[in-house]
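For reference, the structure discussed in these notes is given below.
Every chain is named by a letter (A, B, C and D) in the order it is written, and numbering of its residues begins at 1.
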(Lines give C-alpha, C1' and ligand atoms only; values in the text may rest on other atoms or scores of the structure.)
Protein backbone atom coordinates (compact mmCIF):
# COMPACT_ATOMS: atom_id res chain seq x y z
CA UNK A 1 0.00 0.00 0.00
CA UNK A 2 1.21 3.48 -0.71
CA UNK A 3 -0.16 6.99 -0.54
CA UNK A 4 -1.20 7.11 -4.19
CA UNK A 5 -3.12 3.84 -4.09
CA UNK A 6 -4.74 4.77 -0.81
CA UNK A 7 -5.91 8.08 -2.23
CA UNK A 8 -7.37 6.36 -5.28
CA UNK A 9 -9.18 3.79 -3.14
CA UNK A 10 -10.72 6.43 -0.91
CA UNK A 11 -11.89 8.47 -3.90
CA UNK A 12 -13.38 5.42 -5.62
CA UNK A 13 -15.17 4.32 -2.45
CA UNK A 14 -16.69 7.75 -1.90
CA UNK A 15 -17.82 8.03 -5.50
CA UNK A 16 -19.41 4.59 -5.34
CA UNK A 17 -21.14 5.34 -2.05
CA UNK A 18 -22.48 8.62 -3.38
CA UNK A 19 -23.89 6.83 -6.39
CA UNK A 20 -25.69 4.46 -4.02
CA UNK A 21 -27.00 7.31 -1.90
CA UNK A 22 -24.96 6.27 1.10
CA UNK A 23 -22.74 8.14 3.56
CA UNK A 24 -19.76 6.08 4.64
CA UNK A 25 -16.43 5.99 6.38
CA UNK A 26 -13.59 4.42 4.42
CA UNK A 27 -10.27 3.29 5.92
CA UNK A 28 -7.12 2.11 4.19
CA UNK A 29 -4.48 0.18 6.17
CA UNK A 30 -1.05 -0.94 4.99
CA UNK A 31 0.60 -4.38 5.13
CA UNK A 32 1.66 -3.82 8.74
CA UNK A 33 -1.87 -2.84 9.84
CA UNK A 34 -0.98 0.83 10.10
CA UNK A 35 -3.56 3.39 8.95
CA UNK A 36 -2.65 4.99 5.63
CA UNK A 37 -5.77 6.97 4.74
CA UNK A 38 -9.25 7.63 6.08
CA UNK A 39 -12.30 9.66 5.10
CA UNK A 40 -15.74 10.13 6.61
CA UNK A 41 -18.40 11.51 4.32
CA UNK A 42 -20.82 14.15 5.54
CA UNK A 43 -23.73 12.51 7.37
CA UNK A 44 -21.89 9.24 7.94
CA UNK A 45 -22.74 7.97 11.42
CA UNK A 46 -20.04 8.72 14.01
CA UNK A 47 -19.77 5.06 14.91
CA UNK A 48 -18.68 4.18 11.41
CA UNK A 49 -15.20 5.63 11.94
CA UNK A 50 -14.06 2.87 14.26
CA UNK A 51 -15.91 0.15 12.36
CA UNK A 52 -14.29 1.03 9.05
CA UNK A 53 -10.86 1.09 10.68
CA UNK A 54 -11.36 -2.27 12.38
CA UNK A 55 -12.60 -3.85 9.16
CA UNK A 56 -9.46 -2.77 7.32
CA UNK A 57 -7.29 -3.90 10.22
CA UNK A 58 -9.01 -7.28 10.42
CA UNK A 59 -8.40 -7.94 6.72
CA UNK A 60 -4.69 -7.19 7.17
CA UNK A 61 -4.22 -9.29 10.30
CA UNK A 62 -6.12 -12.24 8.82
CA UNK A 63 -6.00 -11.81 5.04
CA UNK A 64 -9.61 -12.64 4.24
CA UNK A 65 -12.68 -10.54 3.61
CA UNK A 66 -14.30 -9.72 6.93
CA UNK A 67 -17.33 -11.63 5.63
CA UNK A 68 -15.28 -14.79 5.21
CA UNK A 69 -13.43 -14.22 8.46
CA UNK A 70 -16.73 -13.95 10.34
CA UNK A 71 -18.06 -17.07 8.65
CA UNK A 72 -14.87 -18.92 9.56
CA UNK A 73 -15.11 -17.84 13.19
CA UNK A 74 -18.74 -18.97 13.38
CA UNK A 75 -18.27 -22.23 11.49
CA UNK A 76 -15.18 -23.22 13.45
CA UNK A 77 -16.65 -21.91 16.71
CA UNK A 78 -13.64 -19.65 17.26
CA UNK A 79 -15.14 -18.19 20.43
CA UNK A 80 -13.23 -15.15 21.57
CA UNK A 81 -11.41 -14.63 18.27
CA UNK A 82 -13.25 -11.38 17.54
CA UNK A 83 -12.07 -10.04 20.89
CA UNK A 84 -8.40 -10.45 19.99
CA UNK A 85 -6.20 -7.73 18.50
CA UNK A 86 -8.26 -5.08 20.32
CA UNK A 87 -11.42 -6.08 18.48
CA UNK A 88 -11.94 -7.58 15.04
CA UNK A 89 -14.93 -7.49 12.71
CA UNK A 90 -16.79 -10.58 11.51
CA UNK A 91 -19.21 -9.14 8.95
CA UNK A 92 -18.87 -7.83 5.42
CA UNK A 93 -17.21 -4.56 4.39
CA UNK A 94 -13.49 -5.20 4.78
CA UNK A 95 -11.19 -6.94 2.32
CA UNK A 96 -7.53 -7.28 1.42
CA UNK A 97 -6.29 -5.13 -1.45
CA UNK A 98 -4.26 -6.81 -4.22
CA UNK A 99 -0.62 -5.88 -3.67
CA UNK A 100 -0.97 -5.55 0.09
CA UNK A 101 -2.96 -3.78 2.77
CA UNK A 102 -6.73 -3.65 3.08
CA UNK A 103 -9.83 -1.47 2.80
CA UNK A 104 -12.68 -1.15 5.27
CA UNK A 105 -16.07 0.45 4.62
CA UNK A 106 -18.84 1.27 7.12
CA UNK A 107 -22.05 3.23 6.72
CA UNK A 108 -24.48 1.10 4.75
CA UNK A 109 -25.61 -2.43 5.36
CA UNK A 110 -22.81 -4.97 5.52
CA UNK A 111 -23.66 -6.03 1.97
CA UNK A 112 -23.63 -2.46 0.72
CA UNK A 113 -20.32 -1.81 2.47
CA UNK A 114 -18.84 -4.82 0.75
CA UNK A 115 -20.16 -3.72 -2.63
CA UNK A 116 -18.35 -0.43 -2.16
CA UNK A 117 -15.12 -2.11 -1.05
CA UNK A 118 -15.19 -4.39 -4.06
CA UNK A 119 -15.95 -1.54 -6.46
CA UNK A 120 -13.10 0.56 -5.06
CA UNK A 121 -10.63 -2.31 -5.23
CA UNK A 122 -11.68 -3.10 -8.80
CA UNK A 123 -10.59 0.35 -9.93
CA UNK A 124 -6.94 -0.45 -9.21
CA UNK B 1 -15.89 20.68 9.57
CA UNK B 2 -17.21 18.84 6.57
CA UNK B 3 -15.89 16.40 4.04
CA UNK B 4 -15.03 19.03 1.44
CA UNK B 5 -13.06 21.19 3.86
CA UNK B 6 -11.30 18.17 5.30
CA UNK B 7 -10.25 17.04 1.85
CA UNK B 8 -8.93 20.50 1.03
CA UNK B 9 -6.99 20.69 4.29
CA UNK B 10 -5.37 17.30 3.75
CA UNK B 11 -4.37 18.19 0.19
CA UNK B 12 -2.94 21.56 1.27
CA UNK B 13 -0.99 19.99 4.12
CA UNK B 14 0.51 17.33 1.88
CA UNK B 15 1.47 19.88 -0.77
CA UNK B 16 3.10 22.09 1.84
CA UNK B 17 4.97 19.18 3.41
CA UNK B 18 6.19 18.03 0.03
CA UNK B 19 7.49 21.52 -0.70
CA UNK B 20 9.42 21.38 2.59
CA UNK B 21 10.82 17.94 1.81
CA UNK B 22 8.93 16.33 4.68
CA UNK B 23 6.84 13.17 4.97
CA UNK B 24 3.94 13.67 7.34
CA UNK B 25 0.71 12.30 8.70
CA UNK B 26 -2.21 14.73 8.68
CA UNK B 27 -5.43 14.28 10.65
CA UNK B 28 -8.64 16.30 10.51
CA UNK B 29 -11.14 16.03 13.36
CA UNK B 30 -14.60 17.59 13.54
CA UNK B 31 -16.29 19.67 16.27
CA UNK B 32 -17.21 16.49 18.15
CA UNK B 33 -13.60 15.22 18.17
CA UNK B 34 -14.44 12.53 15.63
CA UNK B 35 -11.95 11.77 12.86
CA UNK B 36 -13.06 13.18 9.51
CA UNK B 37 -10.01 12.57 7.32
CA UNK B 38 -6.50 11.23 7.59
CA UNK B 39 -3.55 10.66 5.29
CA UNK B 40 -0.05 9.31 5.81
CA UNK B 41 2.48 10.20 3.15
CA UNK B 42 4.90 7.57 1.90
CA UNK B 43 7.96 7.43 4.20
CA UNK B 44 6.21 9.13 7.11
CA UNK B 45 7.28 7.41 10.33
CA UNK B 46 4.69 4.92 11.61
CA UNK B 47 4.54 6.68 14.94
CA UNK B 48 3.24 9.85 13.31
CA UNK B 49 -0.21 8.35 12.72
CA UNK B 50 -1.19 8.42 16.35
CA UNK B 51 0.56 11.72 17.07
CA UNK B 52 -1.23 13.57 14.24
CA UNK B 53 -4.58 12.21 15.42
CA UNK B 54 -3.96 13.20 19.03
CA UNK B 55 -2.88 16.70 18.03
CA UNK B 56 -6.12 17.27 16.12
CA UNK B 57 -8.14 15.76 18.96
CA UNK B 58 -6.38 17.92 21.57
CA UNK B 59 -7.17 21.10 19.63
CA UNK B 60 -10.84 20.17 19.50
CA UNK B 61 -11.14 19.17 23.14
CA UNK B 62 -9.31 22.27 24.32
CA UNK B 63 -9.62 24.79 21.47
CA UNK B 64 -6.08 26.08 21.48
CA UNK B 65 -3.06 25.29 19.38
CA UNK B 66 -1.30 22.31 20.91
CA UNK B 67 1.68 24.64 21.42
CA UNK B 68 -0.40 26.97 23.59
CA UNK B 69 -2.09 24.08 25.34
CA UNK B 70 1.28 22.61 26.29
CA UNK B 71 2.55 25.97 27.51
CA UNK B 72 -0.60 26.41 29.57
CA UNK B 73 -0.21 22.98 31.15
CA UNK B 74 3.39 23.68 32.06
CA UNK B 75 2.77 27.23 33.31
CA UNK B 76 -0.26 26.33 35.38
CA UNK B 77 1.30 23.06 36.58
CA UNK B 78 -1.66 21.07 35.26
CA UNK B 79 -0.09 17.79 36.30
CA UNK B 80 -1.84 14.83 34.73
CA UNK B 81 -3.74 16.92 32.18
CA UNK B 82 -1.87 15.38 29.22
CA UNK B 83 -2.92 11.93 30.43
CA UNK B 84 -6.61 12.77 30.25
CA UNK B 85 -8.86 12.00 27.30
CA UNK B 86 -6.72 8.96 26.51
CA UNK B 87 -3.65 11.11 25.91
CA UNK B 88 -3.27 14.71 24.76
CA UNK B 89 -0.37 16.51 23.08
CA UNK B 90 1.42 19.53 24.52
CA UNK B 91 3.68 20.58 21.66
CA UNK B 92 3.17 22.33 18.33
CA UNK B 93 1.50 20.87 15.26
CA UNK B 94 -2.20 20.88 16.12
CA UNK B 95 -4.61 23.81 15.87
CA UNK B 96 -8.30 24.60 15.65
CA UNK B 97 -9.68 25.29 12.19
CA UNK B 98 -11.82 28.41 11.70
CA UNK B 99 -15.45 27.32 11.50
CA UNK B 100 -14.90 24.29 13.72
CA UNK B 101 -12.81 21.18 14.09
CA UNK B 102 -9.03 20.95 14.09
CA UNK B 103 -5.98 19.81 12.14
CA UNK B 104 -3.02 17.81 13.43
CA UNK B 105 0.32 17.34 11.69
CA UNK B 106 3.21 15.01 12.62
CA UNK B 107 6.37 14.09 10.78
CA UNK B 108 8.71 17.06 10.99
CA UNK B 109 9.90 18.99 14.01
CA UNK B 110 7.11 20.48 16.10
CA UNK B 111 7.80 23.87 14.52
CA UNK B 112 7.67 22.42 11.02
CA UNK B 113 4.47 20.56 11.81
CA UNK B 114 2.92 23.81 12.98
CA UNK B 115 4.06 25.64 9.85
CA UNK B 116 2.25 23.04 7.78
CA UNK B 117 -0.91 23.22 9.88
CA UNK B 118 -0.98 27.01 9.58
CA UNK B 119 -0.35 26.91 5.83
CA UNK B 120 -3.14 24.38 5.30
CA UNK B 121 -5.59 26.34 7.43
CA UNK B 122 -4.72 29.57 5.61
CA UNK B 123 -5.89 28.09 2.30
CA UNK B 124 -9.50 28.01 3.53
CA UNK C 1 8.03 -22.60 33.65
CA UNK C 2 11.58 -21.47 33.17
CA UNK C 3 13.67 -20.10 30.36
CA UNK C 4 15.12 -23.47 29.36
CA UNK C 5 11.75 -25.20 29.14
CA UNK C 6 10.24 -22.25 27.28
CA UNK C 7 13.04 -22.34 24.73
CA UNK C 8 12.57 -26.07 24.22
CA UNK C 9 8.81 -25.68 23.80
CA UNK C 10 9.21 -22.92 21.23
CA UNK C 11 11.73 -24.93 19.25
CA UNK C 12 9.56 -28.06 19.32
CA UNK C 13 6.48 -26.14 18.25
CA UNK C 14 8.28 -24.53 15.33
CA UNK C 15 9.74 -27.83 14.20
CA UNK C 16 6.34 -29.49 14.37
CA UNK C 17 4.65 -26.64 12.50
CA UNK C 18 7.32 -26.71 9.81
CA UNK C 19 6.77 -30.43 9.36
CA UNK C 20 3.06 -29.74 8.88
CA UNK C 21 3.74 -26.97 6.38
CA UNK C 22 2.33 -24.31 8.69
CA UNK C 23 3.54 -20.87 9.76
CA UNK C 24 2.61 -20.15 13.35
CA UNK C 25 3.06 -17.93 16.33
CA UNK C 26 3.92 -19.70 19.59
CA UNK C 27 3.67 -18.15 23.04
CA UNK C 28 4.83 -19.51 26.39
CA UNK C 29 3.45 -18.00 29.61
CA UNK C 30 4.53 -18.79 33.16
CA UNK C 31 2.49 -19.68 36.26
CA UNK C 32 1.80 -16.00 36.90
CA UNK C 33 0.44 -15.46 33.38
CA UNK C 34 3.52 -13.49 32.41
CA UNK C 35 5.02 -13.98 28.94
CA UNK C 36 8.20 -16.05 29.03
CA UNK C 37 8.92 -16.65 25.35
CA UNK C 38 7.39 -15.93 21.97
CA UNK C 39 8.23 -16.57 18.34
CA UNK C 40 6.48 -15.74 15.08
CA UNK C 41 7.57 -17.81 12.08
CA UNK C 42 8.09 -16.11 8.73
CA UNK C 43 4.76 -15.88 6.88
CA UNK C 44 2.65 -16.37 9.99
CA UNK C 45 -0.35 -14.02 9.79
CA UNK C 46 0.10 -10.85 11.86
CA UNK C 47 -3.10 -11.56 13.75
CA UNK C 48 -1.66 -14.77 15.16
CA UNK C 49 0.64 -12.92 17.56
CA UNK C 50 -2.15 -11.78 19.82
CA UNK C 51 -4.14 -15.01 19.48
CA UNK C 52 -1.21 -17.22 20.51
CA UNK C 53 -0.53 -15.02 23.51
CA UNK C 54 -4.16 -15.05 24.63
CA UNK C 55 -4.38 -18.82 24.28
CA UNK C 56 -1.39 -19.30 26.58
CA UNK C 57 -2.74 -16.72 28.99
CA UNK C 58 -6.19 -18.34 29.04
CA UNK C 59 -4.71 -21.75 29.89
CA UNK C 60 -2.83 -20.24 32.82
CA UNK C 61 -5.73 -18.21 34.19
CA UNK C 62 -8.13 -21.16 33.90
CA UNK C 63 -5.93 -24.27 33.81
CA UNK C 64 -7.71 -26.12 31.05
CA UNK C 65 -7.04 -26.50 27.37
CA UNK C 66 -8.62 -23.57 25.55
CA UNK C 67 -10.78 -26.16 23.78
CA UNK C 68 -12.21 -27.38 27.08
CA UNK C 69 -12.50 -23.87 28.44
CA UNK C 70 -14.55 -22.82 25.40
CA UNK C 71 -16.79 -25.88 25.69
CA UNK C 72 -17.31 -25.14 29.37
CA UNK C 73 -18.24 -21.52 28.67
CA UNK C 74 -20.76 -22.59 26.05
CA UNK C 75 -22.22 -25.47 28.05
CA UNK C 76 -22.55 -23.48 31.25
CA UNK C 77 -23.71 -20.35 29.43
CA UNK C 78 -20.89 -18.31 30.97
CA UNK C 79 -21.91 -15.20 29.06
CA UNK C 80 -19.24 -12.55 29.16
CA UNK C 81 -16.53 -14.89 30.45
CA UNK C 82 -14.45 -14.59 27.27
CA UNK C 83 -14.45 -10.83 27.69
CA UNK C 84 -12.83 -11.00 31.11
CA UNK C 85 -9.11 -10.71 31.74
CA UNK C 86 -8.80 -8.43 28.71
CA UNK C 87 -9.98 -11.19 26.39
CA UNK C 88 -9.79 -14.97 26.62
CA UNK C 89 -9.90 -17.66 23.93
CA UNK C 90 -12.49 -20.43 23.76
CA UNK C 91 -11.15 -22.64 20.96
CA UNK C 92 -8.31 -25.12 20.63
CA UNK C 93 -4.60 -24.30 20.54
CA UNK C 94 -3.75 -23.41 24.12
CA UNK C 95 -2.99 -25.81 26.98
CA UNK C 96 -1.34 -25.96 30.37
CA UNK C 97 2.20 -27.34 30.47
CA UNK C 98 3.01 -30.04 33.04
CA UNK C 99 4.96 -28.42 35.85
CA UNK C 100 3.30 -25.03 35.37
CA UNK C 101 2.61 -22.36 32.80
CA UNK C 102 1.01 -22.81 29.40
CA UNK C 103 1.60 -22.83 25.66
CA UNK C 104 -0.48 -21.12 22.96
CA UNK C 105 -0.30 -21.76 19.22
CA UNK C 106 -1.95 -19.82 16.37
CA UNK C 107 -1.56 -20.04 12.62
CA UNK C 108 -3.29 -23.20 11.47
CA UNK C 109 -6.82 -24.38 12.12
CA UNK C 110 -7.72 -24.70 15.78
CA UNK C 111 -7.22 -28.46 15.53
CA UNK C 112 -3.82 -28.06 13.90
CA UNK C 113 -2.78 -25.52 16.51
CA UNK C 114 -3.73 -27.98 19.23
CA UNK C 115 -1.78 -30.77 17.56
CA UNK C 116 1.31 -28.57 17.64
CA UNK C 117 0.77 -27.61 21.27
CA UNK C 118 0.40 -31.25 22.28
CA UNK C 119 3.45 -32.30 20.28
CA UNK C 120 5.59 -29.57 21.83
CA UNK C 121 4.44 -30.39 25.34
CA UNK C 122 5.09 -34.09 24.79
CA UNK C 123 8.77 -33.41 24.17
CA UNK C 124 9.28 -32.35 27.77
CA UNK D 1 13.23 -8.63 10.23
CA UNK D 2 12.72 -12.33 9.87
CA UNK D 3 12.56 -15.35 12.11
CA UNK D 4 16.22 -16.31 11.69
CA UNK D 5 17.55 -12.84 12.49
CA UNK D 6 15.19 -12.52 15.44
CA UNK D 7 16.36 -15.82 16.87
CA UNK D 8 20.00 -14.79 16.51
CA UNK D 9 19.36 -11.45 18.20
CA UNK D 10 17.57 -13.05 21.14
CA UNK D 11 20.37 -15.58 21.62
CA UNK D 12 23.07 -12.92 21.42
CA UNK D 13 21.26 -10.68 23.89
CA UNK D 14 20.82 -13.48 26.40
CA UNK D 15 24.45 -14.54 26.11
CA UNK D 16 25.62 -10.97 26.62
CA UNK D 17 23.32 -10.45 29.59
CA UNK D 18 24.48 -13.68 31.18
CA UNK D 19 28.09 -12.56 30.79
CA UNK D 20 27.20 -9.35 32.60
CA UNK D 21 25.41 -11.22 35.38
CA UNK D 22 22.04 -9.76 34.41
CA UNK D 23 18.57 -11.23 33.92
CA UNK D 24 16.69 -9.52 31.13
CA UNK D 25 13.71 -9.55 28.82
CA UNK D 26 14.48 -9.12 25.12
CA UNK D 27 11.91 -8.24 22.46
CA UNK D 28 12.29 -8.17 18.68
CA UNK D 29 9.74 -6.27 16.57
CA UNK D 30 9.49 -6.16 12.79
CA UNK D 31 9.26 -3.17 10.43
CA UNK D 32 5.51 -2.88 11.01
CA UNK D 33 5.90 -2.86 14.81
CA UNK D 34 4.64 -6.42 15.15
CA UNK D 35 6.32 -8.70 17.71
CA UNK D 36 8.57 -11.29 16.08
CA UNK D 37 10.34 -12.85 19.07
CA UNK D 38 10.57 -12.47 22.82
CA UNK D 39 12.39 -14.11 25.71
CA UNK D 40 12.46 -13.51 29.44
CA UNK D 41 15.39 -14.98 31.31
CA UNK D 42 14.90 -16.69 34.66
CA UNK D 43 14.84 -14.11 37.46
CA UNK D 44 14.13 -11.21 35.14
CA UNK D 45 11.66 -8.88 36.85
CA UNK D 46 8.07 -9.34 35.65
CA UNK D 47 7.80 -5.68 34.73
CA UNK D 48 10.58 -6.03 32.19
CA UNK D 49 8.33 -7.86 29.73
CA UNK D 50 6.29 -4.83 28.83
CA UNK D 51 9.25 -2.45 28.99
CA UNK D 52 11.32 -4.51 26.55
CA UNK D 53 8.36 -4.71 24.15
CA UNK D 54 7.69 -0.97 24.29
CA UNK D 55 11.35 -0.18 23.73
CA UNK D 56 11.41 -2.26 20.57
CA UNK D 57 8.11 -0.77 19.43
CA UNK D 58 9.30 2.78 20.08
CA UNK D 59 12.42 2.24 17.95
CA UNK D 60 10.26 1.01 15.07
CA UNK D 61 7.67 3.78 15.25
CA UNK D 62 10.32 6.48 15.55
CA UNK D 63 13.53 4.99 14.12
CA UNK D 64 15.95 6.19 16.77
CA UNK D 65 17.48 4.58 19.81
CA UNK D 66 15.12 5.04 22.74
CA UNK D 67 17.93 7.01 24.39
CA UNK D 68 17.97 9.50 21.53
CA UNK D 69 14.20 9.55 21.30
CA UNK D 70 13.92 10.40 24.98
CA UNK D 71 16.57 13.11 24.65
CA UNK D 72 14.71 14.55 21.67
CA UNK D 73 11.41 14.59 23.57
CA UNK D 74 13.03 16.36 26.51
CA UNK D 75 15.07 18.82 24.45
CA UNK D 76 12.17 19.73 22.20
CA UNK D 77 9.71 19.70 25.12
CA UNK D 78 7.51 17.18 23.31
CA UNK D 79 5.10 16.97 26.24
CA UNK D 80 2.72 14.07 25.84
CA UNK D 81 4.74 12.33 23.13
CA UNK D 82 5.61 9.40 25.37
CA UNK D 83 1.90 8.85 25.99
CA UNK D 84 1.16 8.33 22.29
CA UNK D 85 1.02 4.96 20.56
CA UNK D 86 -0.16 3.33 23.81
CA UNK D 87 3.03 4.34 25.62
CA UNK D 88 6.54 4.87 24.33
CA UNK D 89 9.90 4.68 26.12
CA UNK D 90 12.32 7.59 26.44
CA UNK D 91 15.37 5.94 28.00
CA UNK D 92 18.10 3.64 26.74
CA UNK D 93 17.70 -0.01 25.80
CA UNK D 94 15.86 0.03 22.48
CA UNK D 95 17.33 0.56 19.05
CA UNK D 96 16.59 -0.02 15.37
CA UNK D 97 18.20 -3.08 13.79
CA UNK D 98 20.05 -2.63 10.48
CA UNK D 99 17.81 -3.99 7.74
CA UNK D 100 14.59 -3.18 9.56
CA UNK D 101 12.78 -3.76 12.83
CA UNK D 102 14.12 -3.12 16.31
CA UNK D 103 15.34 -4.70 19.54
CA UNK D 104 14.34 -3.81 23.09
CA UNK D 105 16.11 -4.88 26.28
CA UNK D 106 14.97 -4.45 29.89
CA UNK D 107 16.36 -5.84 33.13
CA UNK D 108 19.53 -3.96 33.92
CA UNK D 109 20.13 -0.26 34.17
CA UNK D 110 19.23 1.69 31.04
CA UNK D 111 22.91 1.86 30.15
CA UNK D 112 23.35 -1.87 30.64
CA UNK D 113 20.26 -2.59 28.58
CA UNK D 114 21.66 -0.49 25.77
CA UNK D 115 25.02 -2.23 25.97
CA UNK D 116 23.23 -5.54 25.47
CA UNK D 117 21.14 -4.21 22.58
CA UNK D 118 24.25 -2.90 20.85
CA UNK D 119 26.17 -6.13 21.41
CA UNK D 120 23.32 -8.22 20.02
CA UNK D 121 22.92 -6.00 16.98
CA UNK D 122 26.66 -6.07 16.33
CA UNK D 123 26.57 -9.85 15.92
CA UNK D 124 24.50 -9.54 12.73
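Observations on the structure shown:
What we mean here is this: a contact is a pair of C-beta atoms (placed from the backbone, for glycine too) under 8 Å apart; a residue touches a chain by one contact, two chains touch by 3 or more.
Only a predicted model underlies this, so the values are computations on that prediction, with no experimental measurement involved.
As for how the two copies subunit B and subunit D face one another, under half of their interface residue numbers coincide.
Chain pair with the larger contact count among A-D and A-C is A-C, by C-beta pairs in contact.
Note on chain placement: the centre of subunit C and the centre of subunit D lie 25 Å apart, centres being C-alpha means. Subunit A and subunit C have Cα centroids separated by 29 Å. Mean C-alpha positions place subunit A and subunit D at a centre distance of 33 Å.
Each of residues 46 in subunit B touches at least two other chains. In terms of which chains touch, the assembly is arranged in some other way, matching none of the line, ring, star or all-to-all patterns. Across the interface of their complex, subunit A is touched by residues 2-4, 6-7, 32, 34-42, 46, 49 of subunit B.
On the side of subunit A, the complex with subunit D involves touching residues 30-34.
Every residue of subunit D that touches subunit B in the complex is listed here, in rising order: 32-33, 58, 60-63, 76-81, 83-85, 88. Within the complex formed with subunit A, the subunit C residues making contact are 45-47, 50-51, 54, 58, 70, 73-74, 82-83, 87-91, 109-110.
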